[in-house]
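I'd like to ask some things about the structure below.
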C-alpha cells in the first residue's frame, strides 16, 4: 500500500462523517441528529420568555456546548475532504457555517435579532441526516409515486391556483373591505384557506351572497381534496400490484425494508453521492472510494 | 396556388394567435399567459391600499401597457379570422372586449368601481390558455374520471344538500338567533361549513344539545368525505388497470404524456375546434385548415 | 272486467301518486319535489328578518298556496288507497299531516313558535321523492359499500368515541374551566371537533401542555381520517373489479345506470313496496297490482 | 377428579371474569362495559356545574353504587386468580385499584381535585372490554394494515414533524410576537394545526408574507393528507385482493366476521393471554386452562 497512515486516518474520518454505511458512520449520524434536535429544542425554549428568564444560564451553557461541538464537526468536515473549498461553498457547507457562527459573532460584536434568525438554519441540517431515511425504502416508494404523478400534481395545483384567484376576486368584490376582505391577495389567501378545508375563521363571509359563494367554494374544495388522494392511492396500488407480480410468495413487508438501490457513500474528493453498490471509484471524478 | 400573399399572411397570423401547434403559436400562448398573469398581479396590487399609494404611477403605467397590448391582440384576433363577428360575439370575444375596455372608459368618462370589476374578467382569459393543458393528457384522465362518475357525484351532492338543509333547520331551532344562527339559510351555510370540515368558527354551537348535534354532523361529514375520495380513487385505479392491460410492458409514465387525441387547431372561418389530427378541412364549415 | 270505472280511476290515481314507473307518476313526483323545495325555500326566507318584513305578504300567500296544494295531495293520497288508515298512521302519513296542519292551526288558534317548527318537518318529505334515486343505481352501490363495511365502520366509530372521551377528559384536566373547557362533555365535543379536523376555534388550548396534547390529537385525527376513506375506496375498487369480471367488454358507465332491481310499485291495498319486476300481485297481501 | 369443588368454583369465576368465550363471560363483559360507561357518564355530569347543583344527591348515590360494584369486582378478580399479586401489580390491576379508591379516600380524608382526576382513569378500563372487538375481525385487519405500513407511517410522521418545525420557525420569525406567534413551540403547534387542516383560528397570520407562507403550508398539507389515505387504501385493497384469491366464491362479508385467530382465554395462574384455540395448558406457565 502506497497510501500513508495519515491518508488512511483521513479516509476513515471521511467514512465516519460523510457516510452512513459503517457502524461508526451510523453512530455519528445518530449522535449528530440528537445534537441537532437538542439545539432545535434550545432555540425553541429560548424563544419562550418565561423559560428563558428562569433557566437563562443553562440555556446559554447548552448553546455554547452545542456551538462548540458543531464547530469541531465543521473543522473535521473540512479536514477530511481532499478539496475543502468544494465542501465550504456547497449548500450544506454554507448552512453548517451560518448555523454555527451566530454565537461567536454575538459574543464578539453584540447580538441582533437577525443573528438569532441564522441559528434557526440548523433545522435545515436535519435534511443531511435524512440520508438515513434511504435505508427505509419507504421514502423511495413515496418519491417514485410523486415523480410518477408529477404531471397530474402540476395540473391539480394549477387548477387550485386559477380557481382560488377567480373565487378570491369574486369574494373581494362581493364582501368588500368592511368584512375583512381588504384586498385581492388577502381574499385569494382566504380562498385557499377555505378550499383546503383549513378554515381559520380570522376572515369569514358576512353577506348572504358571500356565504352562498363560500358554500360553492367549500363543496368544490371537498371534491378537489379527492384528487391528490386518488392520485397517490392509485400510485400506491399500482406499486403494490407490481410488487406482488414480481415477488410472488415472498414476504412483502420485509421487501419494503431492503428495497434500497443507493448507498450513502460520498466521494472524499468531490463529495459526489449516489454511487452504485460495490463501486470502487467515484463516478464523477474517478477518485478511489475505499482505501483499506 | 390561387391564394394571395395577403391571405397567406392572415392564415399565418391565425395559426399563431388561435392555435398552439407551431413553435410561434406556442410562444404566443406562453407570452399571453405571462401578460395575463402580470395583469392579474397588477389588479391584485392595486387593491392593496399601501402599495397603490406608494407605487401608483408604476401600476398605472403597467395597466396602460397591458391594456394597449391586449387591445393590439384584440384587433389582430378580429383581422385574422374570416368572419370577425363570429369571434366578437363568441364567449371569449366578449370577455376579451370587456376586460380591455375599462381603462379607456375610465380615461374618457371617469371611473366607477363597477368598471374596475370588469378588469377582473381578465382572469377568465386564463382558460383560453388552458388549451395547453390538453397536451398534458393528465387533465383528460381527470375529466374522464369525473364524467365516468357523474351520477355518483350528483347523488353525493344531493345527499349533502338534503342533510345540510335538515341539520341546518334543526340547528336553527335548537340554537336560535341568540347564538348566531340568525336564520335558516345562515344555519344551512354553517352546516355545510361543518360537514366539509372547514369550520370557520364565526358561528359555533353554544347549547349542550347543539353541540351534541354538531358532533353527529361532524362524524357524518367525516364519513361523507370518504365518498368522493373513494369514487375518484376507484376511477383512477380502474384507468390504471386499463392502461396496464393495454400497454403491457410499455412505459406508463410517458404514455400519460402523449395520450392526446385532440390538437389545438382552430378553423379560420368559423373558429370551430377539436379537429382530428391530420384533418385538412374544418369539420363544421368545410373551410381549408392549412394554407401552405 | 268486473272492476268498476270508479275503481279504475282510483287505481290510476294510486299509480300516479304512489308510484314513479309511468310518465304521469314521474311528473307527479317531480312536481311534488319542486313544491317541497319551494316550501322549504319559503320556510327559509321567513326565518330571515329583513326579507320577512319586506315581502311578508308574498311569503304568506306562498305559504297558503303550498299548504292548500299539500292538503289536496293529502286528501288524494287517502282516497286512492284501499285502507286509508294504513296510510294515515304510516311514517310518511304522519309527516304529511304534521307538515300541512300548522298553518290551519295558526289561522284558527294563533301561532306559537312550536308550530313553525312542525313546518320544518316538510323537509323529511324529500326522502319520499328519493325513491327516484333508485333509478340512478349509484345509490345502490353506495348502500352496498356501506353495508359490506358496516363492521369496520362500527369498530372505527367506537375507536373515535373512546379516544374522544379519553382525550376530552385529559384536556379538561389539563386546560381547566378558565380556558373554555368548562366541563367534560364540552371537552369531548371539542375533541371530536379537533379529531375530525373541523376546528371551529370557539374553544382552543392555551397552556403549553394542552397545545402539545392537541398536536397528538390532530396527528391521530389525520391518521384516522384515512380509515373510512380506505374502507370506502377498497369497497368501490372491489365492486369495480366485480363489474369488470362480470361484464367484460360491455360499457360500464351505462351499466351503472340500468342496474335497478326494484321498481317503484306500491300496493294499493297495503302500501307494501319493493315488488319484483313484472309482479302482478302484491307479495304481502295478494292484492292485484295493475288494473288495466 | 382430584380438584376440589372450591377450586372448580374459582375456575368458573375466573372464566366469567377474565374470559369472554362462555355466555356468562360475555354477559359479564357486557355488564361491565355498561357500568364503566355509566360511571363515565357520572364523571362527565358531575363536571357540569348546573347538573351537579340540581342532581347532586343522585350523582353522589350513583357514584357510591358504581364504586361498590367495582370494589366487589376488584375483590373477585383477586380471589379468582392463583397468584393475586400478579394481577394487583399488572397494568389493569393498578388501573382498577386507582379508579376505585378515590371515593373511599375522599370519604375518609376529604377530597382534593387530584383525587377526582383519578376517577377519570376508569376510562382506561374500557380497553379491557375491547377484547370483545377481537371477535369482530375487522380490528385485526385494521391492525394488520397499520403494522404492514408502519415504516411508511414513521417516515410520514417524521416528514410532518420536520416540516412543522421548519415552517413553525419561519412563521415565528416572519409574524413575530405581536401577531400571536409568541414563541417557536407555539408557532410549531400552529403549523401542525394548519398542516392537518384543523385550523382553529386562535392564531392566524396577519402579515402579507406570513399569509403567503401559510398558503404554501396549506397546499403542502393538502398534498400530505393524501399520503396516509393512500397507504391505508392500498393496504385495504391488498388485503381485499388476498381474500378474494383465497376464498374464491365464498361470501366475503361473513368471512370478515369469523376471521378470528385468538380467543379470549386468560390463564388462571399467570394471566397470560392469546392462547391457541383448543389449547389445554397455558403457553407461558404450563398451568391447566380448563378445569371441568
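Note that the chains are named A, B, C and D in the order they appear, and that numbering of residues resets to 1 at the start of each chain.
Rule of thumb we're sticking to: a residue touches a chain if its C-beta (ideal position, glycine included) is under 8 Å from a C-beta of that chain, and two chains touch if they have at least 3 such contacts.
Which protein is which chain? UniProt says A, B, C, D = Ion transporter.
Since we're looking at a predicted model, the values are computed, not measured.
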Query - Shared interface numbering between subunit D (Ion transporter) and subunit A (Ion transporter) [over half = same, under half = different] - result: different
Report summary line: Matching the CA atoms of subunit C (Ion transporter) with those of subunit D (Ion transporter) requires turning by an angle in degrees, to the nearest 5, of 90
**Report entry** B-D or B-C, whichever has more C-beta pairs in contact
**Finding:** B-C
Query raised in the report: How many angstrom between the C-alpha centroids of subunit C (Ion transporter) and subunit B (Ion transporter)?
Result: 33
Report summary line: Cα centre of subunit B (Ion transporter) to Cα centre of subunit D (Ion transporter), whole Å, reads 47
**Report entry** For subunit D (Ion transporter), residues contacting two or more additional chains
**Finding:** 48, 185, 197-201, 208, 225, 229, 231, 233, 237
Report task. Please name which positions on subunit B (Ion transporter) make contact with subunit D (Ion transporter) in the complex. Result -> 48, 197-201, 208, 229, 233, 237
Query - subunit D (Ion transporter) contact footprint on subunit C (Ion transporter) (complex, rising order) - result: 148, 151-152, 154-156, 158, 162, 165-166, 169-170, 172-173, 182-185, 188, 194, 197-201, 204, 208, 211-212, 214-215, 218-219, 221-223, 225-227, 229-231, 233-234, 237-238, 241
Requested in this report: State the interface residues of subunit D (Ion transporter) toward subunit C (Ion transporter) in the complex, per the touch definition above.
Outcome: 40, 43-45, 47-49, 117, 120, 123-124, 126-127, 130, 133, 136-139, 141-142, 145, 153, 157, 160, 185-186, 189, 192-193, 196-202, 225, 228-229, 231-233, 235-237, 239-240, 244, 252-253, 256-257
